[in-house]
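Going in written order, the chains are labelled A, B, C and D, and every chain counts its residues from 1.
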Amino acid sequence: MTPRWGRWGPDDEVGAPNLIGPAEVRAAVGLVSAGRVIKLGMDLGPATVVPPHRKRIERSMSRDGGDYAAGARRPGGFQFAEEVWSFAAHSGTHIDALSHAWYDDQLYNGFPGNGTRSTTGAQRCGAEKLAPLVTRGVLIDAAPGSSLPASTPVTADDLRASGVALRPGDVVLIRTGWVTAMVSDPLGYCDHEPGIDTSAAEWLAEADVAAVGADNYAVEVQPAPPGEMFPVHQLLLRDCGIPLIENLLLDELAAAGAAEFCFVAAPLPLVGGTAGPVCPLALL
Amino acid sequence: MTPRWGRWGPDDEVGAPNLIGPAEVRAAVGLVSAGRVIKLGMDLGPATVVPPHRKRIERSMSRDGGDYAAGARRPGGFQFAEEVWSFAAHSGTHIDALSHAWYDDQLYNGFPGNGTRSTTGAQRCGAEKLAPLVTRGVLIDAAPGSSLPASTPVTADDLRASGVALRPGDVVLIRTGWVTAMVSDPLGYCDHEPGIDTSAAEWLAEADVAAVGADNYAVEVQPAPPGEMFPVHQLLLRDCGIPLIENLLLDELAAAGAAEFCFVAAPLPLVGGTAGPVCPLALL
Amino acid sequence: MTPRWGRWGPDDEVGAPNLIGPAEVRAAVGLVSAGRVIKLGMDLGPATVVPPHRKRIERSMSRDGGDYAAGARRPGGFQFAEEVWSFAAHSGTHIDALSHAWYDDQLYNGFPGNGTRSTTGAQRCGAEKLAPLVTRGVLIDAAPGSSLPASTPVTADDLRASGVALRPGDVVLIRTGWVTAMVSDPLGYCDHEPGIDTSAAEWLAEADVAAVGADNYAVEVQPAPPGEMFPVHQLLLRDCGIPLIENLLLDELAAAGAAEFCFVAAPLPLVGGTAGPVCPLALL
Amino acid sequence: MTPRWGRWGPDDEVGAPNLIGPAEVRAAVGLVSAGRVIKLGMDLGPATVVPPHRKRIERSMSRDGGDYAAGARRPGGFQFAEEVWSFAAHSGTHIDALSHAWYDDQLYNGFPGNGTRSTTGAQRCGAEKLAPLVTRGVLIDAAPGSSLPASTPVTADDLRASGVALRPGDVVLIRTGWVTAMVSDPLGYCDHEPGIDTSAAEWLAEADVAAVGADNYAVEVQPAPPGEMFPVHQLLLRDCGIPLIENLLLDELAAAGAAEFCFVAAPLPLVGGTAGPVCPLALL
């Protein structure tokens, strides 16, 4: 796909979320009728499964109840606990920043890949540039009541067949049911996931969506065709500036049966990061 | 203040956010008219100031643009960057979980403080139990256009004088202007902050607010009266189950002049944690 | 075994290494004839196998060659690389400090177990109190040219049968050949190791050794008898103040055929730690 | 200085410690007469001062005495404590690996600087390649009983004036007294240290020393001449393959008055690292 750069100016680091303006926000909140809030983000803890090649999630208590049991005392009887967290940015539910993936040494909008360094992190398109998303959400359930088999592609034809009518600025969530494989088969979860292929990605990009999410490891089907790596990442993140939302929990939302809803996601603004951890909400 | 435990049952770990039901959610989204989204969370990065006693925020690139410049190659020309983050849970903008502070060896609702251990983190009232907040937000600006002097208490009388009429389930945000001290005087930022005192905390608790936030280090005035430590934490978190939202950025919201707004905050569900990092939004 | 506490005074945190005095140091260096130096410590890196319940070893480059390839420049053409390491104290080759294991709430010499807290680490018998060991080393090869089967105990009779005559202040190294299981079976490496049992531990303690080491996970045979956990740790570390040296590499030393040698080990003085990582040397 | 590469073959990653052979080891242990062991390494803990640009040393208890006080129980009454450490490789007393500093994109012996990457660490001359040092140590006290003023160079003439006769394979330790500034002035400790200049470095390299150490931040005088950065690092590490030992504690050794001694240092073999933490010993 020809890179769609320059559409929001040569300095733009936001990409497709620029498609969400006041009208889209108003329309989104107008979809709320039941007053129901559904969490789409997963718990993050030492027991959360992460791919074998990534750092495990660590929680280190710097002060806890054991200290008081062991005799520690503070003025006024005050007792408190604190901890330090350490995890890979792409753990759990997160939004891939536009700095996450690229090719030919150029990120989205032509920014140099060389600008992402050990010393600085991503100098362009870091996670702190991810716009908060408040817009219409649309769920496409590719496996109602079940789970797609490993490595099943979700194609443009599949999306068309869903009958969904997209509008610019929509966030499209694709349910594969695959997230249940995370615990039972952590390695297969990454390596053989069902997900969208490049035909679907192009169709979504042409529909001017603001972001694409799924309940799998990387939104896109794995493995990629021979000789390729993450072609949907290359197309959506780098060529089109469309953030990806990964490791979503979509079963409760699917069960609720809402065709559309108000989607809200405000990722942690990690400066120079390549992803923003987030707990997105669907408001029904 | 007499602990208000048992109100939502002996096993409740949510506390005052139970006051937000479908009606409150519907009312909140009904406040949106301009379609404007204001971020209330601060950027998190190595340059973000944290109190001297806490770990600094660390970003460690595990793969970056320098690797490709140095010669690394992937199939299909794919290039990507990733990193690991490490930070104290109470860094930047975050919501204190009900497990954060207590006294007499009992947390909110009588759960044992001893249950928060090095090996387990908080077994009760951890950050993963923090309810997402979608409700009416109310801003009380204690220092319009400026900043309160160090150690200035904001009292119940001050809150009453603001003329604000609270409703159960509201999130109340108190602007002190103090967050600007974070960079200029990191130690003073913690030790001498203006903020609410226990009279204000009691008034807010009696109004049945769902949560209280401020643009300072700990919501409450520092230092505490002699012989006490964080009495507002003890009262709101432990006695009343009311989460605190700290290190907010409130200047843009104050400048917008909205008396009320739709407040949305979905903290990271850190299992066994004592705080949930978050980027809250005000929808106007 | 009756705890041997108080032998070096009520404040002693060193334990059996007190048995090494100037005479033992002189005797040890007097054993060097070939001028050969054998490393007994293993490499520590991300690929080093650690038990599944422990944190993996992490190396995070904060500055590297990729940064210069990507365009970074320093005055005078200077280029440098640095990194941060993170690992469990008991990773790789290390000496267990006397604070590592205890029972009945008392450490070696009666110090309270409660003194080891999240906030302080080990206030007594931390790794910084481990004495550097320069003394006679004696190797007992329990499986010459091969490896003991899983869970094989090395008993007092086995040690006696070796014909070794011990002297107070000796460091005794026991070769099981088991360390090769670390890579092939990381979980079995911990759970089913051959090693000394309590009869052997008592025999060594009565011989007044300064420390005991082995080429396995925990020096002692696993699993422990039903209802017990690490009885040799309890006996040697806690009752007798004898440090344990774990995960040694002893094949090259065994192949050298030296009956005795000069043993040198100076662990990292990690303040409040429960183990000191180390690369011991045998000088022949 | 013309790089002295190829002396030990095109694949050599060890450098000047190749000068230590069996004869040097035997001669070194032959210097031991008193049987006295002096630690030259400093304690490493959260309170250890590190330069402001480096990560602080962190100790995180994963299990401690507080857990048992809070009610944790293990079979057989077993109690134990463990922790995770995190620190910059160049914290405290350490040996700079030959991968630490370079220029013109080439490390010692012509290895490419590009080989040190975020993903791999140092593929050449990493800390795991540092040879253990067992050799004659020589102390040159540049400030007997006191401390050199800030930024005082120690020159070749100063070293010559000490009257020391060096032999190939010696480790030379230079006492400046500056290490006391670490606590009182952490920033000045790095920026204005007294230490050797390039004339001294050349003199030491010509004497064929195996390594050079000092009781300061970087062995060499700071600041460097205008337009240069760490010229002694460039000369010794990169051009000559001579490791540097930094942040030594030399006061006790100086007070002992030994002209020569047996020096032993076995750094942690951190794979792909740029420094090896170590607790060197002087045996007298």
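Operating definition for what follows: a residue touches a chain if its C-beta (ideal position, glycine included) is under 8 Å from a C-beta of that chain, and two chains touch if they have at least 3 such contacts.
Being a predicted model, the structure only gives us computed values, none of them experimental.
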What's the fewest number of moves from subunit A to subunit D, given that each move must go to a chain touching the current one?
1
Which rotation angle, from 0 to 180°, best lines up the CA atoms of subunit A with subunit B, given as a multiple of 5?
180
Interface sides of subunit B and subunit C: same vs different residues, half threshold
same
Rounded to the nearest whole Å, what is the centre-to-centre distance of subunit C and subunit D, using the mean of the C-alpha atoms as each centre?
24
Rounded Å distance between subunit A and subunit C, as computed from the means of their C-alpha atoms:
45
Using the touch rule from the top of the page, what residues of subunit A touch 2 or more other chains?
55, 58, 61-62, 64-71, 84, 114-115, 117-118
With chains as vertices joined when they touch, what's the shape: line, ring, star, complete or other?
complete
Subunit A contacts subunit D in the complex at 58, 60-62, 64-71, 84, 118
Can you name the residues of subunit A that touch subunit B in the complex?
21-26, 29, 32-37, 39, 41-48, 54-55, 59, 61-62, 64-66, 68-69, 74-90, 99-105, 112-118, 121-122, 128, 132, 134, 224, 227-231, 233-234, 262, 264, 266-275, 277-281, 283
